[in-house]
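Alright, structures below, take your time with them.
Here come two complexes built around chain A, the first alongside chain B, the second alongside chain C.
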Partner chain A sequence: MGLGAGVVLVALGCFLAASGGGHETHEVAHAAGAEHAEGVAHHAYKWTNRLWANVWLNAIYFTGASVIGMFFMSYNYLAQAGWSVAFKRVPEALPAYLPIMGIVVLAVFFLAGHDLFHWTNPALYDTASPEYDPIIAGKHGFLNTPFYVIRVALYFVLWYVLWRMIRSYSLQEDLSGGTDYYYKSLRVGVIFLVVFAVTSSTSAWDFVMSIDTHWFSTMFGWYTLASWHVTGLAIITLTVLALKERGYLQIVTESHLHDLGKFMFAFSIFWTYVWFAQFMLIYYANLPEETIHYREIFSGFGGIYKAPFFINLTLNFVFPFLVLMTTAAKRTGIILKVAAWGIVIGHYFDFYVNIMPGTVGSHGGFGPMEFGMILIFASGFVWSVYSQLEKANLVPKHHPMLEESLHHDIN
Partner chain B sequence: MSHVTSAVRTPLVTGGKTYADVTEDISRQVEGKPTREWTIAFTIAVVVLIYGAACVFWTWWEGLGVWGLNKTVGWAWDITNFVWWVGIGHAGTLISAILLLFRQKWRTAVNRAAEAMTIFAVICAASFILMHMGRPWLALWALPLPNTFGSLWVNFKSPLVWDVFAISTYFTVSLVFWYMGLLPDLATIRDRARSKVSRYIYGAFSLGWNGSAKTWARYEYISLILAGLSTPLVLSVHTIVSFDFATSVIPGWHTTIFPPYFVAGAIFSGFAMVQNLVLIIRVVFKLEDYITVEHIESMNKVITLTGSIVGVAYLTEFFIAWYSGVEFESYAFINRATGPYWWAYAAMMTCNVISPQLFWSRAIRRSVVWTFTLSVIVNIGMWFERFVIIVTSLHRDYLPSSWAMFHPTLFDISDYIFSFGLFFTLFLLFSKFLPVVNMAEVKTVIKSSSEKLPASVSGVAKGERVTSPTFNKNID
Partner chain C sequence: MSDVHSNSKFLVGIYDDDDVVLQAVKDVRKAGVKIHEVYSPFPIHGLDVALGHPRTKLGIAAFLFGLTGTLTAISLTFYTEGYDWPMIVGGKDSYSPIIYIPIFFELTVLFSALGMVATFLLSNGLGPTVKPLMYDLRTTDNKFAMTIDMSKNDIGEGDIESILKRSGAAEVNIKQF
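Then we have the complex of A and B:
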């Protein structure tokens, strides 16, 4: 089915990543040389830091993109949504990428955790050491390697297992029909939402907030969730459109697309709301321990993160807000695609500005390494999604809400 | 709108009601004489209002010194009550606007009463703003009006001024939305009216509604536009209320999660209040077939969801207070839980986080008695939440020499009672003179969601009804 497209993309990704890799070594040799010349000793910047930071960034981004598939399905079950059943197999296909992301996240943490996470330095907790940091030492109960690893492993295991359950119910429903599996899925969906209510916040602290170890913001969990969520919605829309264009999922009509467009529009505004609330409150209160986060992005490290800062706001708010404003736009495939791509790219930059300053600082940039890494992860993701889509009927033919979805007409 | 209803959906209108039944059942109390229960309730409400008004008058006459405020705790019951009422005022717009956008048909039975509640709750909230000004005749100074007092001008950097704009806009839009939704029903009552006076009054208020396709098209169009406008508004109102606290640097107030957490809390308390009102209405006016157990259950699910969101926010705040390593922030939270106001904190946690979890039990969330009781508990909890945020964050200032406790006086209590008198007087007037359920909108769902469905539109239809070739290609 869509595998052709997937394979082509994977090949393209590998090719570009390989050539990107070439540039990497180049650039990296440069950077490494410069560092050695400076003769910085402990925890100095190594060229691999940028590589690891890139892997981390993409792993977190695609973890979100995957888990949102499960999130979307769960709240659609809980809310007894009927309209979304026509393309239910699309969000259902996203979380299959989670185990790979889990392995990558843990691998990066073990291989390069010391380079990415300041808090992993044992000297910070040693009162005798000159590097002793009382604030970070105070966080030791939460930020310590064993507990961290347990938490991260738990996120992926819980998310994945619950997805496997809902997926298996969904496939069994195709075979046997009835409403049993509907109610079973509903129950799993509710359990997932309870789990995700906690883990979406704690994972955001672990994956991103702990990079700037001193910094804290109570909003951060929901802020990351908002970012992940709208990314997931854009990916669902893009996949639905791609399938529709290739002649599949013809049951998806303009009305479904219109609703997906509304979702992207509304949750882009929601993300902006959360972004603004966090920014404004920190700006207004002007407490140095909080403003440092934005200071670093906005004017730190020679201002190299200023552009991504504005790209983030433009692509994630101004762009979808204006493009998706009208009814006609939300019902037109090409415009939806433009908006969804804007959101998908924009939220990469959202994670970029939150991860890069704290990990690579002034050594950050946007070059072939970034491009290559995105392509590797994205190709894997596309491959994973398409191979899941291939495994099952694209129409959940015995879903009790299917008929409603087929007749969904909001004209 | 989808014209097919899945078999897994439960009916929204029971008892096999027809269109005529809807009109008859709902118009009955508007057209009939006031019942004895109503008269008794209304008398009590008016007496309370008169007593409260006298106390408010004395508060203004004598000055705010009659309250228990002191120089450390400069805000206490006044702002607690204000935030509490504004929060309650959120559910109406949520039900009418957001649930309209989400095409939730069950909203039709409760939106009218919820919107009315919103409007009256916002009026009550506004009364506390006027009260705590001390000199209410100078309230116009809160508006950026040109004046002759020299450089006297509102401080646009203050969230208190944003509040004035946000709440007045919200009030206006809610009122228009509510009134607009009333038009078809007012016209129905006008058309059924027997006395000249009521035909004239309801006729004037129905603005010449004639039920033509054109008026309906406009009605639906305007509903959508207003829903689109109200949705960001309803979020903005409590967001700005939360800014009143969060823009400060007071430990316990300055925290970035406040805006969405306040909004969730507002929806939480608003739904609880809707439950209380609607549960009484359905019994007194015998509307059990329209406001069914399904409606109550749906609202209880919203209460559980928003209550859990609030719970996650409490825990997040607590965790980050520790995680931040900021001494003052950590102290503020430890003091909340274990200081002299521990009982308020315990009440808040029990009522808001633990009690709504009982709704996980299907039997409890479908029980009228449980629902009523837990809704009251939720609103007690939400009052304590605001009290905890305001008073416990203030009462221990940075210098121990400024530490103080807050003790409410008779006037703190009576001015709060005043708002209940005002609220129930208005709500009882509404419930007598206006249809408490939106007849026109219930009629729109009766065909698809009534208990006695014509077979052709019910359930999952047979496969042959779907004949799209591409669709079939994918099946086996």
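Then we have the complex of A and C:
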């Protein structure tokens, strides 16, 4: 039903954008982009740009939400953590959405790469061309279409294959028991963490940072990882709560919820720390090629991204910080739920302010198209997670740490 | 958080195991004995709940120390950079608070950390010249001690001793300060 509603809303949004787009002139008012716009012949804006940007935004958001399930399992194996075993099948179910997201990401790149990514324009690298851009040409070794496609394909293949391995060990463990599968999973988890240490950063550059091709930030990999991570934790918490309310996963106690609450609280602050570290250095140094990023968000394009900018900070820092501060709050289902929803929505806007200004600029907004696209991707994600949860016992019954998790008590 | 007592008499039950002492706390309290404190080489989850201690006020203390730090940082940065010797750095206003957020943060953390160290020393009666109350030296190693303040209990010494023994105490000693 969500999927249907999403399709209808996107169709409505497309209709509005297509009919409205005809009247607008294509002079993109680059309020902040004087430096950016120079020598950069902006591709003529088409209403489909906004559609593709939306698909891209949601694909990146849900790629993160999916891969964090694997990330969470991996570091729990590495730390030999026992407490999280009770709801281990929930993070384990998230990465099943990765192949679909991989196909969507590559399809959008092939179909609309030129509309979203300025650097795909070959004239930028041609010294004879008037559009030649020495800065972007200097990045050609990394930002070229074949290497980009190989990298993106590699991320999804590596993440998905490693998840498949850990998933199959986990299911075999249900049948046979013993500690063999535990140690095998630990090894796969460690390999994934090594892979993810590199790919989480490079994928953040590829998926988001390369949209503003001139601009770069050394914090960006961490920043995107922090955003993905806390989103994933909020989704895990929401799924666990949903299962518990419907009578499943009764082995999850207040102590488990308390720890999940701590995770969301701590990593919301971690995200804020990274966000602020990036922001403050750029603010302090005041170099035009760096401040352009925040100028576009804060005051560019008629200020349409100013509201999402503050929604981002409020929902991702102020809100969870105040709501999840006390012990009692982290142990109360309804408060956890409110905080987790705040985080899930807030981090959509985090990606929104990073992707939209560079792709659609003054043509952006938040209307039926954005809302419908979220519904389509979210319905698919929920379907994917729940069909994975159905495939296996919700309690990993032969996991060596299960007993410890059942007695987890942090009063 | 023990107070400094003079001429107080304590019964000290020594236990060998953290699970035993946790259960013993519940049993002893049920028998009507008021427990002064339990000493352990490591934190035992659920012990403060079992002892029925009221919610700690340390959070309020930490908040006030932190607030002092934030206000100090705001006054310091405003006085030096905004009032006494205004400077323009990086093309911003001479007093531009975003620049000083790290200072606000650091002084908040510093003041609350140092303040909490002082609170810890004061509330535990520790200090350079103070002789600490030691109920049993082995609680710093591998034993758990439950202390009963005799002046606060109406039950006889012999009865309390047998209650402690029944709850699993390996030995019961008398300690006078």
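The working rule: the second predicted complex is superposed on the first by the 369 of 411 C-alpha atoms of A that agree within 3 Å, B and C clash if a C-alpha of one lies under 4 Å from a C-alpha of the other, contacts with A are read in each partner's own complex, and residues count from 1 in each chain.
Everything below uses one rule, namely that contacts are C-beta pairs under 8 Å (C-beta built on N, C-alpha and C of every residue); 3 or more make two chains touch, one makes a residue touch a chain.
Everything numeric in this text was worked out from a predicted model, so none of it was measured.
Following the overlay on chain A, a clash is recorded for the pair chain B and chain C. Within the superposed three-chain model, A:362 lies out of touch with both chain B and chain C [touch as defined at top]. Using the contact criterion defined above for the overlaid structures, shared-chain residue A:299 touches neither chain B nor chain C, since it reaches no partner.
Legend: residue contacts after superposition of the two complexes on their common chain; A:314 is shown touching neither chain B nor chain C. By the document's definition of touching, of the two partners only chain B reaches A:135; chain C does not.
For chain A, the partner that touches more of its residues is B, with chain B and chain C as the two candidates. When the two structures are aligned on the shared chain, A:182 is found in touch with chain B, with no touch to chain C.
Once the two complexes are laid over each other on the shared chain, residue contacts for A:285 go to chain B and to chain C alike.
In the superposition on chain A, A:409 makes contact with both chain B and chain C.
One listed stretch of chain B collides with chain C once both complexes sit on chain A; from 6-14, 114-122, 132-140 or 168-176, that stretch is 168-176. Across the superposed pair, chain B and chain C both touch chain A at residues 280, 284-285, 409-410. Considering their complex, residues 45-46, 49, 90-92, 98-99, 101-102 of chain C touch chain A. Of all the residues in chain A, the ones that touch chain B in their complex are 78-80, 82-83, 134-136, 138-139, 142, 179, 182, 194, 197-198, 201, 205, 214, 216-222, 247-248, 250-251, 262, 269, 273-274, 277-278, 280-282, 284-285, 287, 289, 393-395, 397, 400-410. Residue ranges on chain A touching chain C, taken from their complex, read 276, 280, 283-286, 409-411. The part of chain B that touches chain A in the complex is made up of residues 1-9, 101-103, 232, 235, 239, 243, 246-249, 254-260, 301, 308-309, 312-313, 316-317, 320, 322-326, 460-461, 465-466, 468, 470-471, 474-476.
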